Amino acid sequence: MADVRLAEVSKWFGGVRAVDALSLEVAQGEFLSLLGPSGCGKTTVLRLIAGFLDPTAGEIFIRGRSMARVPPFRRSIGMVFQNYSLFPHLNVYDNVAFGLRIRKIGHRTLHEAVTEALKLVRLEGIEAVERRFPHELSGGQQQRVALARALVIRPEVLLLDEPFGALDKKLREQMQLELKGLQREIGITTIFVTHDQEEALILSDRVAVMRAGRIEHLGPPAEIYERPRTRFAADFIGRSNSFQGRVVRDAGPGALLHTDEGLAIKVPEELPEGPAEVLLRPEQIAISATAPTSGADTVVAGTVADVMYLGTHVKYDVRIGTKLVEVFEQNVGGGPKGRYAPGDRVVLSWRSADLLCPRE
Amino acid sequence: MAGSIAERVYHLKRSRWSVLAGVLPILSVYVALLVIPMLLLGQFSLYRKLTGEMGQVVLIREVSLANYAKFLASPFYFRILKDTLVMALTVTGLCVLLGYPVAFSLSRARRWKGILYLLVLAPFFVSVVIRTYGWMVILGHNGLVNWLLLASGLVTAPVPLIYNYTGILIGVTHIMLPYMVITLEAVLRKIDRSLIEAAQGLGANPWQAFSRVIFPLSLPGLVAGSLLVFALSVSIFTTPSLMGGGRIHLMSTIIYEETMGQVNWPSGAMLAWVLLVTTLAVLGLSQLAARRFEWRR
Amino acid sequence: MDGRDGLGMAFSRRTFLKSAALGLGVVAGDRAGLARGGEVDDTSELVVGVWGGAIPKILKKTVIPDLEARYRCKVYVKEGTGGDRMAILRANPRNPAFDVVHLADGEAIPLIKEGILEEPSARVIPEFADLYPVAQISGYGQGLSDVGIAYSPQKVKERPTSWLDLWNPAYKGHVVIPSMKTTQGSSFLPALAKVLTGDQRNVEAAKRKLLELKPSILAYHRGTSHALTMLEQGDAWISVTIGAYVYQARDKGQPVDFVRPKEGSFSLIWFIDIARHTRHRTLAREYVRLALQAKAQRAFAEEMYLGPSNRKIALSGKVAELAVYGQQEIDRLINLDWMFIEGQRPSWIQWWNQHMV
C-alpha cells in the first residue's frame, strides 16, 4: 500500500494552475524526487502534502488516511526547508527538541531521542554543539540540525525542499551520500524536491519529472535518462542532439528520417511515417578519424568545428552539412588535449537503437 | 620606512579619525542642543528662587541642594513622579496589548499594506491639539462613546472619560501606538514565514508556533518599542495637559508650571533632572533585563 | 537692589556674563551698555505680544494699520499666553523679545518691580490721565471686563443668581472653574473670600469652600475659550469666566448665557505694558496711545464687549448695557488688590497643586 497518495490533486493560484490534476503514489520506504525547472509546481506539491496549502481539487492520503482538513501540525511529517528554517533563538539542542517538547515527551526520553538524532546526522562529535546557536554553525551543520529536527519526531514521511541548494558542490555531494545512507538506514518514505537532475538521479528510487503542474515522466532514474517518455523530460535531463524531419519507410528494412538539414538517418522501425524528431545523447556517438566502429549502424562524416576540454570528457562540436552535432568522448588516457582539432575531418557513428524517440 | 610610517598614520587616521569625523556633526548638535542645556539646567537646579512681596522674582545664585532636599521631603512631588511612571508604564502596557495584534497583521498583510500603514501613521498627520479636540468630542459627556454605552444600556449615566486619568491614558496611548506598531512591525516582518511552517511541521499548533517561535523572536522589537514608548510617555506634555483638564499633574506639567507659572526655574530644573535620572534608570534596568533576550542572526 | 535685571537681579557681573554666555541669562556687555548710554530708538518695526483670538483681530483692524501707516513701519504680532510672554521677557530683559505686551490684571506688577516693564506714566502717554483708576494699576488699562458665571441654559434650568449656586449638588461633575494658574483663577480665590467673609484677604475661608467644590469639578479651564468649548460640548454645565467673551459666543449662536452674581462679579482688566529696554520706544508709546484712543476703544467695546478704559469714551445701547461701562458699574464690581494677589500667587498655586489637582 502506498504511503503517500495524491489523487487528481489540483492547486490553483488565482487563475494559474500550479498543480494540475496530479496523481502520484509513493511506496513505503521509497525515495522519490520531484524534479523540474522552477515554476513547475514541485514545491507546491510538497507544500500540499505538508498541509501548508490546501488542494483546490483532489485528495491527499498519508498511510491511507485522507488529509483533507487535517492541519499541518496534525500530519506526521518531517520537513526540511531550503533555508533550513532553524529557530534562531534556540540552540541546536532546543531546535532538535522542539517537536518533542510540543509532544510533551518526558525529559529523559527527550534527551535520549535528541542525542540519538544528533548522532544519526553525525553531529555528536563536535565540541558543545548542542549549545551552539544556528548562526554559529556552518551551512552543512545547519543542514544536519534541520534533518535531525525533522527526524527526531519519527515522522511517517520526510519532505525535503531543495535542502542542498545553498551548499557548495563538494559539501552537497557529501550530504547527498549521507542522506541516501540515512534514508536507507531508517527506511523512511521520502519526497525530495530538486531542480538538480544529477542529484535526483543519484538519490532517488524513482524520479517524477514535472512540468507545468503535471508529471511528464515518472520512473526509475535509468529509465528517465535512457527512455524519457517526453521530449521535455529528455531535454531537461542530460544533453541531447535533436534531429527533426520526416520518417520515410523505403522498400528495404527499417525506416529513414530525412532531416531538415538534408541528412538521412536510420531510425527504429516502430516510428510511424510522417514528421518526427529523434534525440541522441552526445556520449552515445563515437568519433573516429576514418573507420567506423563496430556495432554502429549509422555512420556520417563531418568536420570538427570546436573542441572543449571538460576533464572527465572532451566535447566536440562536429559540423555535418549545416548541422552541428555535439559529441562527448570519454577522457581515457593521459594523452594530449583531444585527438582532433578544429578543421579535422572525422567520422561519427552510433547505433540507431540508442536514439531516443519520446512520444511527444 | 617613511612610507610605512605614513601608511600607519593613514590607517590610524582611517580607524579613529574617520569615525570621529562621521559622528562629529550629529555629536555637536547633540552636545549643543541637549547636553549643554541639560548641564545648564543642572546648574540652575542648584540655585534658589525667592518671591518678593509683590511677586517679584529673585534668583539666589548660591549652590545648594535645597531643591533636591525639597523634592525628597515632599510627598506631593513623589506622588507626581509615581503617577508619571505609572502612567508611562500603563501606556507602554496598553501599547503592547493594542499594538502587537496590529503590528502582527501589518507584518503579514500584502495587498492593503500601504493603506494599513497609513492608518497606523494617521495620528502623526494631525496636530496634537486638533487630535485632542477630536477625543473631546468622542469621549465627552455627550460624546460618541458615552452615547453608545448609554444606548446599549451598559451604563445608566455618562461615564467620565475625559479630564481625568482615563482621558490621559487614552490620549497618550493613541499617540504612542504608532511608535510601538512601527518598531514591532519592523521586527515581525523580518521573521521568516517558513519558521512558522517549520514549527507547524514539527507539530506546533498556531498558538504554540506563535508563543514558542514568533513571540520570542519579536522580543527585541517589543523591548525596543516599549523603551521608546516609555521614554516618550514619561515626558509627554501637550496631551496630558489638554486631556487631564488641569486636574492631573505629571512631571512634565509640573515642570512647565514651576518654570513658567511660578517662574521658579531652579525648582523646574531640579524636577527636569529628577525626571531625566529616573527615566535613565528605568531604561538602564530594562536594557539589562533585555540583554537576556538578545540573540544574533 | 533696584531690581533692574529681573531674574538676574542678584547677579554679580561675573555670573551675569556667564549666564549670558550660557544662553539663559541676559545679553551682556557692550550691547546693553550701548543701550544704557545712547538709547536706540528705531521706528522701523515693533513686536507686540498678545493672546490669540478676538483681541489681535481687532488690533489688526485699528491700532496696527494706523501705526504702520503713520510710521511706515512693520508691526509683528506674536500670539501666546501671558505666562509665556512674562517668561520670555524675564529670560532676556535687556534685549526684550517684545516691545509691547498685553497682560491681564496684576500680571505686570512683578515685572514692573523687576524693572522689565515700564512704570505707566501720563508724562509719556497723555491718555493715561483719562483712564479710570482701575485701569492705571499695572500698566495702561486698555479694556474692562468682569468675571461671573457662565452657564448652559439647556442644562441649567434655573438661572443662577449667586456665586454659591456653583455648589448646587445638581451640577456635580459638570462645574468648570478657572485654574489657579490663570489670572481668572488667582482672582477667583480672593473674590470668593470677599463674597464669603467680606475680606478679600481671608483666603483661608475661600480655600475651604473650594475644597467643598472639588467633587463637583469636571475640569479646570485655562481660559475663557477653553471653558466655552467644554460648555458647548455639553460636558460643562456651569463655569466661572469672562462675561465679554460669553456674550460674543452667545452672539454667534452658542447656547450659553452669563450672569453677574448678586454679590458682584469681579473685575478683569486688560493692560498694555511697554518693555523697559525696548529699542522701539516711539512706536511702542504710539501703539499704546492709539489703543487708548476712541477708535480702538470703540471697536473693542462694539466687537468684544470690552468696556472702555478711557473715561472720555461714551457708549450707548446694548453694548453700554453688557460691557463694564462707567465708574458706577466699576464700583459695583468686586475690585481686587492685585498687589496682594501677585505676592500670594506662588503659594496659592502650591496649595492648588497639592489640594485641588
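For clarity, chains are labelled A, B and C in written order, and residue numbers in each chain start from 1.
Following the convention adopted for this analysis, a residue touches a chain if its C-beta (ideal position, glycine included) is under 8 Å from a C-beta of that chain, and two chains touch if they have at least 3 such contacts.
Since the model is a prediction, treat every value here as computed from it, not as a measurement.
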item	value
Pair of chains ranked first by number of touching C-beta pairs	B-C
Innermost chain, where centres are averages of C-alpha coordinates	B
Distance between chain centroids, defined by C-alpha means - chain B, chain C (Å)	36
Interchain centroid distance [CA atoms averaged], chain A/chain B, Å	56
Between chain C and chain A, distance of the C-alpha-averaged centres to the nearest whole Å	89
In chain C, residues with contacts to at least two other chains	none
List of chain B residues in touch with chain C within their complex	36-37, 40, 43-44, 51-61, 76, 133, 136-137, 140-143, 160, 162-163, 245-249, 254, 257, 259-265
In the complex with chain A, residue positions of chain B that touch it	192, 194-195, 197-206, 208-209, 212-213, 216-217, 295-297
Interfacial residue positions of chain A with respect to chain B in the complex	50-52, 71-74, 77-79, 81, 83, 85-89, 98-99, 102-103, 133, 135, 149-150, 153, 159
Residues of chain C touching chain B in the complex	3, 6-12, 15, 22-24, 83-84, 86-87, 90, 106, 109-110, 113-114, 173-174, 179, 181, 217-222, 229-230, 233-235, 339, 342-343, 345-346, 349-350, 353-354, 357
